[in-house]
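The letters A, B, C and D name the chains in turn, as written, and every chain counts its residues from 1.
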Amino acid sequence: MATNELPISSSQSLGAVRRPVNTKGWREWLFTVDHKKLGIMYGCVAFTFFIVGGIEALFIRLQLALPDGRILSADKYNQMFTMHATTMIFLFAMPMAAAFANYFLPLQIGARDVAFPRLNALSFWLFLSGGLILNASWFLGGAADGGWFMYAPNSGPVFSPSNGVDFWVLGLQIAGIASLIGSINLIVTVLNMRAPGMTLMKMPVFTWMILVVQFLLVFSLPVITVALVLLMFQRSYGATFFDVSQGADPLLWQHLFWIFGHPEVYVLILPAFGIISEVLPTFSRKPLFGYPFVVFSGASIGLVGFGVWAHHMFASGLGPVSVAVFSMATMAIAIPTGVKIFNWLLTMWGGKIWYSAAMKFAIGLVVLFTIGGLSGVTHAVAPSDTQQTDTYYIVAHFHYVLFGGMVFGLFSGFYYWWPKVFGKMLNEKLGTWNFWFMVIGMNLTFGPMHILGLQGQPRRMYVWTEARAGEGFFNLGFWNMVSSIGSFILAVGVLFFIINVIKTTRNKERAPLDPWDARTLEWLTTSPPKVHNFDRIPVVHHLDEFFHRKYVEDETTHVMTQVAKGEDLVRAEEAAADADIHMPGASYWPLLLSIGVAVLGMGIIYGTPIMVVGALVVLFSSFGWVLEPSVPEPIDFDSPSHDGHTKEIASLG
Amino acid sequence: MDIVNNVKSSSHRIRNSIATLVGLVFLAGCATNAPQDTWQPRGDNAQVINNLQWIIFPMAGVVGVLVFAFAAYTFWKFKDRGQPIPSQSHGKPIVEIILTIIPALILTVVGVFTFRGIFELSNTEDTQMVINVTGQQWWWEYDYPAQAEQGITQPIITSGQLVIPVGTKVLLRETSRDVIHSYWIPALNGKKDAVPGRINLLRLQADKPGLFAGQCTEFCGLSHANMRMEAIALSKEDFAKWAANQQKAYTSPADGTLAKEGEGVFLNQCIRCHQVNGLKKADGTPALAAPDENVYSGAAPNLSHLMTRNTFAGAKFDLLNKTCRSDVWDASPEAIGAKYLAGVSESCLNATDLRAWLRNAPAMKPMYSDPTKLGPSGGKYRGMPNLGLTETDIDKLVAYLLTLK
Amino acid sequence: MITPGSKYFFGLTGLSLISAILYMVLVNPSDLGAIALFGLAGSGALIGAMALFTRDGDVYEGEEAVGASSTGGSPSFWPIVFAFGAALVLTGLATVSAVFILGIAVLIGGGVEWSIQNWADGASADQKFNQFARARAISAIEYPGLAAVGLGVIAFFFSRVVLAVSKESGPIIFIVVATAILVVGVLIATKPSMKGTLTVVVSVLAVLALAGAGTFAALSGERHELAVASAEDHYDASHRECGEEASDHYDHLANNTVSLRSAVTATIFVKDGKVYAEAIGMKTKVDTITIPRSNATSVMFRNLDAEQHRLVVNLGSAKVAATGVVEKVGTCTQLTGENQEQVMTLTIPKPATEAEPYSFTVPGATGEIKLVVP
Amino acid sequence: MADIATHDTDHATDHGHHSSTGLSNNKLAMWLFLGSECLLFGGLISTYMLYRGRVQNGPHPSQIYDIPFTSVSSFVLLMSSLTMVLAVSSAQRKDDAKTNLWLVITALLGATFIGGQVYEFTTFYREGLGFTTSLFGSSFYALTGFHGVHVSIGVIMLLSLMGIIKKGKITGDKAEVVELIGLYWHFVDIVWIIIFTLVYLIPS
């Protein structure tokens, strides 16, 4: 697209099958293969689903505020908590991490795009189709109602008669394909496309964590795919996989689900770890303490994460030996996690801490995640876990980990990278309000759940009863009410962020090129970056390359002296821009292919003819893709002279 | 310390608890906890777990306090006060190694205790009594196989309330007829899933007579929240009395009574799903219920000796009215046996809920019993349907049920 | 803008949709006729969409279209294919649904190819460019489509041939066919002179031979044993013979089958010709096994004797609805060899009557285990 | 999916610097994809191994397996790996005619394998083993069916690739494309060898 020697409008003579080169307006977004545009689209869609999932959570808390709640029926409540979890995990957390990864990973390693730009677009569109299919079920007979873990046999056709589970299975399959393609793409990008000089141990920690996450996805997604396929065959084609009267074992589902499900937990949290491992050093003006330890602890969390799945099943009747082994493995995983927390604290130790909004959220993560981690250790003790599992204590634990950990990390990322992506600063004052409301709301919502759980209130109950509430300080009534009030404070906190975004968008003032005195390569270009990211591919000599181009350390006194400003470095790059940069062209095929896949999926619910149509579209678009070169050819363009003979192009390649 | 279950208005309770919050934070955790409190063991198995809890929770607390103190000091000490940009040190491996070894050591200690606890809890060798526990949407069935040493010579079957003798090592053989449920009486042991097609073992033992609350804790569909259970520990003598009563033969109500008419209604309606052992049809042949033809999961609670239980409909409702119920729940360990064995008398019956249930069960508890929506289950109910009984029929039935003691 | 050509096809779609719905309501919702009308609607919609997509073959509305049409199109056989598809559809309606579906496929394929060809022919005055345009529009579906048809043809006809011959000659034919493919490949690869026409002739002949043999085999039907097996359903539960002797099919080659080893309520043993049982949680041997009503429960059978035994469960007797004859109810495991085990999963809906208690027995061994369903 | 992953070769982002690992992007992606596929088949094989003996109705595995026939069909699939190797080496020698020849031979062998599977499924069905008959039936058909779909996709890719090479429309490095499809084909073969051993040969 940046090729200036080619004519700029797409060939009219090819009619409807012309290639979308140099598109404008909405087409520019619909057919784009640019990792930055896709990253922004990922972010917008994921945030929308965050709001949807949040509203579902508020409904749940409203229902539970008082005993025998009547806001939702039992059926609607079951759908609500199922979809809340599914939405937050698959439609918010994973794609939001994908948004950050898509946008910043090529920038951090000094690449012009990801390895497979069209596959990248396909990932996004597949994720969107998956999300829409999942949520379409609300309007087509009711959403899935078996919990996000969807244990068999409760997910079978008799026990969950609406189409909700079918939509859920399909939505997750499609979103799963999206993640799988995305993860292969990002791994190849990181391994193959780093800037010269950037060895693996000079890579930013965010990139490292994303790399670990993608490996987790590549090896865990096929397992859930198998589980979902078995469930789909049972529901739609009468297979017997979870039919106990045929001798089936319901624990098969649990094993398959959690072999995926536990690595998934790290898929959710590691990107946030990566983000704050960028933010904490930047705002402490110190490199990350123990970089190799943080990297290896991340990798070992990922590895051990594959060996602890059965700690979700301590009550399901595994033998004592398995329970003991998984209990020990679970404790073992606490060690690398602890290492990370210590390293973050030691990064700040001796630093020069600037409490910006991004830094506040990052510190919020360190503190809140530690609470979640410690409550996690209490149920690594398997016997103790048999009292806690499936109670609100677990809900408290994983919300501290996922909300206090992951969401705070993502918000830290929003504040840190907003000027990079949009060229404008988010308002720091509103950011502070946003932070405090979220911290207070989050602790009021999830803190009391520790008490509720230890007092014996199970999860997933559409009502709780006075008769089992007890009295005094620990009574369920009071703490349920506190938790519900807290959830609305939390919602107000998120609202502050939305207001901040709206305000910032209206603001005309441009952000400085290096507002945070940052450390990594993504700041070595304009904000927002140009289509081709870097005018010149940087050559890397240090971890935190950008910082070391700005500051020089005195060998003896260790005093840091600033030798250049970020702005000047960016200008210098612009002046030395490469002459001839080819970028991949936009394409219809990713969008069309994902539509085909969605139609194919719908066919499983609504009948074979629709499936056939979907399959034809999939075949057509995948071969159309194969036959289309990634960079546009001369025939795709109109010649600049509008003399009416543009169709007769002599050379057809 | 007894479990108190006085029902008061919620506003009163909230006001009460705010007062407690302000004044009595340090005295918290005493006499007024919820009946499913996980920190109040009442038997050996729960005690094993509680001992572990007392190791790991304080340990996590201490670690937490240390880390947060260090963090808070760091946040305060190294705030940007205009100091120069610090030296770009990348860390000290020795610190890292120490910080890896310390948690590893702590966790090894915890691990040793955990290991012991796991194997202690899984021991079933010295079991003294076996009970089959079967979960079904949304109630629990208990059947006691014949065990002469416990005074059970013919199988006993009951539901809603588990009755066990104190000081006896009881083994529950859990399974399920439909989806996965989970059996949990926090005062007696941790939870164990009831998985269809599998038999999971859970050992309970109660130290003193008493009533213990529990709740199904594996999500099991629509009425998961309403699938409750209770366990009653009786002294060995009281248990023998209870068991003897359960094995007593059925006696039909006297001719001409309202209850006799109720038996007719029962034979007309309820027998389709609910078995009463020993009940005979008008022609003298045994009346066998056929729940497998009407209920998807294949069973409905057996109503023999119904009035010896204190709850019905998956323990969601009480058979005793409020006064009589708190009389049983609040009784001292010495007195509870006699009060429980008294069963439900006409004056103590919670007639309101029972009649409402007979009038229209699905309105009282969400179930899949709308006859127009039974396609996926092959026309079978999941739960009790509305039988369309008249008020007279209900009168008769209640009179009849009261005779099932 | 909707073009005239697509208007025609969309009209057809609408009409056939309406008639399909009427047909379903008035005549028979599950009939082939309704499917036919829906199929017609589907293909109309698709071709209409193609026509719309290519603007009826007009690339430029207005002045630029002049001249484009003057070059004329290339000769096309797609109309013939289209007509052939229509004929197949009609034949299929009268005969079997497979032909009908094939017809629909040919109809859609021919129609799409026809409209694309037509559009490309009018795209410009440059034949080469027109070919390029046609390829861009359609080759993405032609390649995989043709490949899939090729795969389908070979797989279908080959399987028909093997199904028709005896079980023993199946592998031989398979070897012969595979070797032939390899040999031909090697020959062509090593003898460059054999390339070209000869290759084409050989492959066409081979495919024709396969198709011929396949068609013949399909018409003559599957081998006798398969037809018998299909009709008799040897492995149906109602055919189980639970005696001491081995039965023809049920016990055939099934000596050491164990299913779910976990979660058995009780294990029943045969030792020295005597039957005894052990149950979970019970310290002593038991003579009664209690299992909950209507609950799928597994019982394991373990044979410790040298001779083969099977476990039989007797569940009283019941009247068979169809015939009115009272028959024994129960089932059995397969014959089990020494130190082998098998699992039986039972779901018993009702307690036994006093007259006919339930029990487990082992033919050829003494003793029985009572089965109680409370 | 594999065919999609193969053709982003020549976009310009890696213009100017070659890959850090030395493997091309496409090949690395294909290896990752196959790694992921291993777990997919791993899951299905585990399901089968868990359920193969669980037969309440219909035949047991050992009652219907036709080992001689399946051995031949396994051998045919193995042979196709050999011809695939020949196709790849022809492609590397830039001999289009021979590449195409061996691609077609590979595809034909693959297609007869599928024909054999159709035969096998038909006989099993006639003997009384349907997809919904028993746990063994469901898990057997799911596993071998999934593999059959993989082979079918492979055959379609091989035949299309031949067509595309003939028309000279290949985008990117021709030999590499053939090699990538070859990788996929060998993977599918290896999976079959595992299935043949675990499913057919080891008695349940």
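Criterion: a residue touches a chain if its C-beta (ideal position, glycine included) is under 8 Å from a C-beta of that chain, and two chains touch if they have at least 3 such contacts.
Just so we're on the same page, UniProt names per chain: A, B = cytochrome-c oxidase; C, D = Unannotated protein.
Given the structure is predicted, the values throughout are model-derived calculations rather than measurements.
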Notebook entry, point to check: Which other chains touch chain B (cytochrome-c oxidase) while also touching chain C (Unannotated protein)?
Noted result: A
Check: Which chains are joined by the largest number of contacting C-beta pairs?
Finding: A-B
Check: What is the identifier of the chain with the smallest separation between its Cα mean and the overall Cα mean?
Finding: A
Notebook entry, point to check: So what's the Cα centroid distance for chain B (cytochrome-c oxidase) and chain D (Unannotated protein), whole Å?
Noted result: 52
Item checked: Between chain C (Unannotated protein) and chain D (Unannotated protein), centroid-to-centroid distance (C-alpha), Å -> 20
Notebook entry, point to check: Distance-wise, how many Å sit between the C-alpha centres of chain A (cytochrome-c oxidase) and chain B (cytochrome-c oxidase), to the nearest whole number?
Noted result: 39
Margin query: Need the CA-centroid distance for the pair chain A (cytochrome-c oxidase) / chain D (Unannotated protein), whole Å please.
Written below: 32
Margin query: Quick check: what residues of chain D (Unannotated protein) touch more than one other chain, meaning two or more?
Written below: 54, 56-57, 160, 164, 169
Note to self: Using the touch definition from the top, which residues of chain A (cytochrome-c oxidase) touch two or more other chains?
What the structure shows: 244-245, 247-249, 622-623, 625-627
Note to self: Multi-chain contacts only, two chains or more: what residues does chain B (cytochrome-c oxidase) have there?
What the structure shows: 195-198, 201
Note to self: Run through the chains and report each pair that touches.
What the structure shows: A-B, A-C, A-D, B-C, C-D
Checklist line | Contact set on chain C (Unannotated protein) toward chain B (cytochrome-c oxidase) in their complex | finding: 260, 262-265, 279-283, 288, 290-298, 345, 347, 349-351, 353-354, 372, 374
Margin query: Going by the contact rule set out above, which residues of chain D (Unannotated protein) touch chain C (Unannotated protein) in the complex?
Written below: 53-60, 62-63, 66, 68-69, 71-73, 75-76, 79, 83, 86, 97-98, 101-102, 104-105, 107-112, 114-119, 122-123, 126-129, 152, 155-160, 163-164, 167, 169, 203-204
Item checked: Sites on chain C (Unannotated protein) touched by chain D (Unannotated protein) in the complex -> 135, 139, 142-144, 146-148, 150-151, 154-159, 162-163, 167, 170-171, 174-175, 177-178, 181-182, 184-185, 188-189, 195, 199, 222, 226-227, 229-230, 233-237, 249, 252-254, 256-260, 334, 345
Notebook entry, point to check: For chain B (cytochrome-c oxidase), which residues count as touching chain C (Unannotated protein) in their complex?
Noted result: 124, 127, 130, 132, 134, 141, 143, 145-146, 155-157, 171, 173, 175-177, 195-199, 201, 275, 286, 288, 290-293, 297-299, 302
Checklist line | Residues of chain C (Unannotated protein) that touch chain A (cytochrome-c oxidase) when the two form their complex | finding: 38, 42, 53-55, 59-60, 64, 119, 123-126, 128-129, 132-133, 136-137, 139-141, 143-145, 148, 259-260, 262, 296, 298, 343, 345, 347
